[in-house]
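So, here come the structures, one by one.
Two complexes follow with chain A in common, the first pairing it with chain B and the second with chain C.
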Partner chain A sequence: MQSVPSNLLTNISGTAGVVQISGPAPASAALVTPTAMASFTWVYQATTVGWFKFSAWATGQDSLNYNWINSAGVVSNVVTVQAPGQLTASMAVQRLTVSENQDVEIHLTVTNTGGAAIQNIWTTDTGTLELGVNGSAASTIRVAGPFPAAPGFTLASGASNTLTWTYRGTAIPGVISFSGMAVGTDQNTGQAVFSNAPTSVSVSVQANPALMMEIYPQPASLTQGNVFTLLLTVTNTGTAGLTADAVGVTVAAWSRSARPLPST
Partner chain B sequence: MTGPVPAVQAIPGGQARIFTYTYSATSTGVFNFTGGVYGYDGNLYPLPVSASNVVAAANQVTVYQNSPNLLSPWPRRSAAPWASCAPSS
Partner chain C sequence: MSYFTFTYSGTLLGTLEFSTYVQGTDQNTNSQIQSNWQKSNQVRVRFEPVLNASFNSLPATMNTGQRITVVMS
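== the complex of A and B ==
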């Protein structure tokens, strides 16, 4: 028996928009043996998100008796059409001011705001572990990070990941800011996906606080039974602010040398 | 008697703040006072910093004995006895 398809019927159902680009290829095929098979290919382009599935069947004419024969219908698996993956990055710093040689944490949050999953995401544009450092970069060192130490992670649609770095400002006065970005691969298309490149607010590196204290009695001389006041003047000679929360006074020395005041 | 007032103060960089103690002088003498202050870095709490004063004449208090009340052992007279000895004019 020889069957020659003369017609290939397809039906598309679903919510996604699709446009036929080409097909079927080949347009027809002669099946010269009872177990012969032929494959036909269509190419469609998905135009809107959603889902769709194909159903198809073939008709052919028996080469001996010229009767028309219909194949059974077949239904494809369901295809989901997703929006492309999209990376959005934001950056935050733990503190706006640090003292000299103190650490500051920087948080880079990467979110997949698109539809398709994005894989193999790196959080710096150079593939190194460093963030971009602006300002007093020469005196700023990376102490730790990124944490979690998982370059090449995957983000599903709507998922986010926050990575943390710790940097230290070693020179004063200093003003530093940090920048970073993320790049990954769209799981559906294999295309590279780049995030925006946010820059943090500036971090001020200040001189460490230092204390100096002096005591001034008022009055400096008085007669027995009267009241006097000690003024403790505490000065912060550094640049960074401080909180003075414990002061104390004791008598350092005493001598019984005071004589009665002369009578007037 | 009282103090320190206030108990806690924030001190911005380059600035000074005053803590006050009030004492009552109950005995005489010359007193030198020493004090200490502890603080915490406002950028990285609780990184401690501290200082104490240098004992010097500037923080010295002298407490004198009250002036004595002088009382005469003789009775008071209406007229000074030496008035009559005054030379006549």
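== the complex of A and C ==
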């Protein structure tokens, strides 16, 4: 018996766009012996998002009596067509200035802005845990991170994940910025998906603040019962900003009267 | 030459063959005349063919631009 498949192209239902690339191959097959089987292959390509399914049947002609015989109709499972997965990355730093040896947190947010889920996402293309450090890189060390600790996560469409590193700048004065990216695997195609490679704004590493103070009683000599002024000169000899919150004055033996200086 | 036609219907699976002879009467002598036995070729009785079709399992999701192979067996 000759078995000829029906034309699948006329039996696609759904909302997705699908075009036939080739098939059926073979165009027909002879099923001579009982339980003989033949397979017919088509190749289709999805063009727009949505869903589709195939329905088809096979038809053949009895070689003895030349009657046409149809199989029962068969329906495929539903296939959902998605836009490819796409990774978008952005970076943010906790603060723009840090003091020498002060830690700063860097946040890398990865978002799947495409349709297909992306699996096994790493935050660098080299598989290391380090971010790229620009500027005073040699004197910048990774203290911790990334957190969450385990890369290789999955992002569904629209989902995002923020990873946090802690770095420490040890050179002054220094200017550092950080760069990173994400790479994963498209769940549908198995192909690698790379994000953009954002660079953070610069972080300034400043010398630690240092307080130097001088005290000037005026007048230098006085009589008991006189009111006098105590002048305190406070200087920040570092480069990092400093806020003087309070000043304590201790006067030995005599009565005392002191007020905090205004903040500088 | 004359033709005699018989119609049979196969009811069970298997093979069969037909054998027959022809007998006649001489019009002049009224004597009976019989041909030799003749066997037909064998005939095989089989089921009506039935076609069953099925699709391979297709991926649940795919991307635009991606190709898919559909197999019907």
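Everything that follows uses one rule, which is that the second predicted complex is superposed on the first by the 229 of 264 C-alpha atoms of A that agree within 3 Å, B and C clash if a C-alpha of one lies under 4 Å from a C-alpha of the other, contacts with A are read in each partner's own complex, and residues count from 1 in each chain.
Just so we're on the same page, a contact is a pair of C-beta atoms (placed from the backbone, for glycine too) under 8 Å apart; a residue touches a chain by one contact, two chains touch by 3 or more.
A quick note: this is a predicted structure, and the numbers were derived from the prediction, not measured.
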Touch test for A:Ala210: chain B only (first), chain C only (second), both, or neither? first
State whether A:Thr223 touches chain B only (first), chain C only (second), both chains, or neither. first
When the two structures are overlaid on chain A, which partner does A:Thr48 contact: first (chain B), second (chain C), both, or neither? second
If you stack the two complexes on chain A, which partner ends up touching A:Ala149: first (chain B), second (chain C), both, or neither? neither
Of the partners chain B and chain C, which touch A:Leu232 in the superposed model: first, second, both, neither? first
Examine A:Arg95 and indicate which partner it touches, taking first as chain B and second as chain C; both and neither are also allowed. first
Given the touch rule stated above, what does A:Gly248 touch, chain B (first), chain C (second), both, or neither? first
Indicate the residue numbers of chain A shared between its chain B interface and its chain C interface, in ascending order. none
If we count contacts the way the header does, which residues on chain A are in touch with chain B in the complex? 95, 97-99, 102, 206-217, 220-263
Hey, which residues of chain B end up touching chain A in the complex? 1, 3-4, 7-45, 47, 49-55, 58-68, 70
Hey, which residues of chain C end up touching chain A in the complex? 46-55, 57-73
Touching residues of chain A toward chain C in the complex: what are they? 1, 3, 5, 8, 21, 23-24, 31, 34, 37-49, 54, 56-60, 62, 69-72, 74-85, 115-116, 186-189
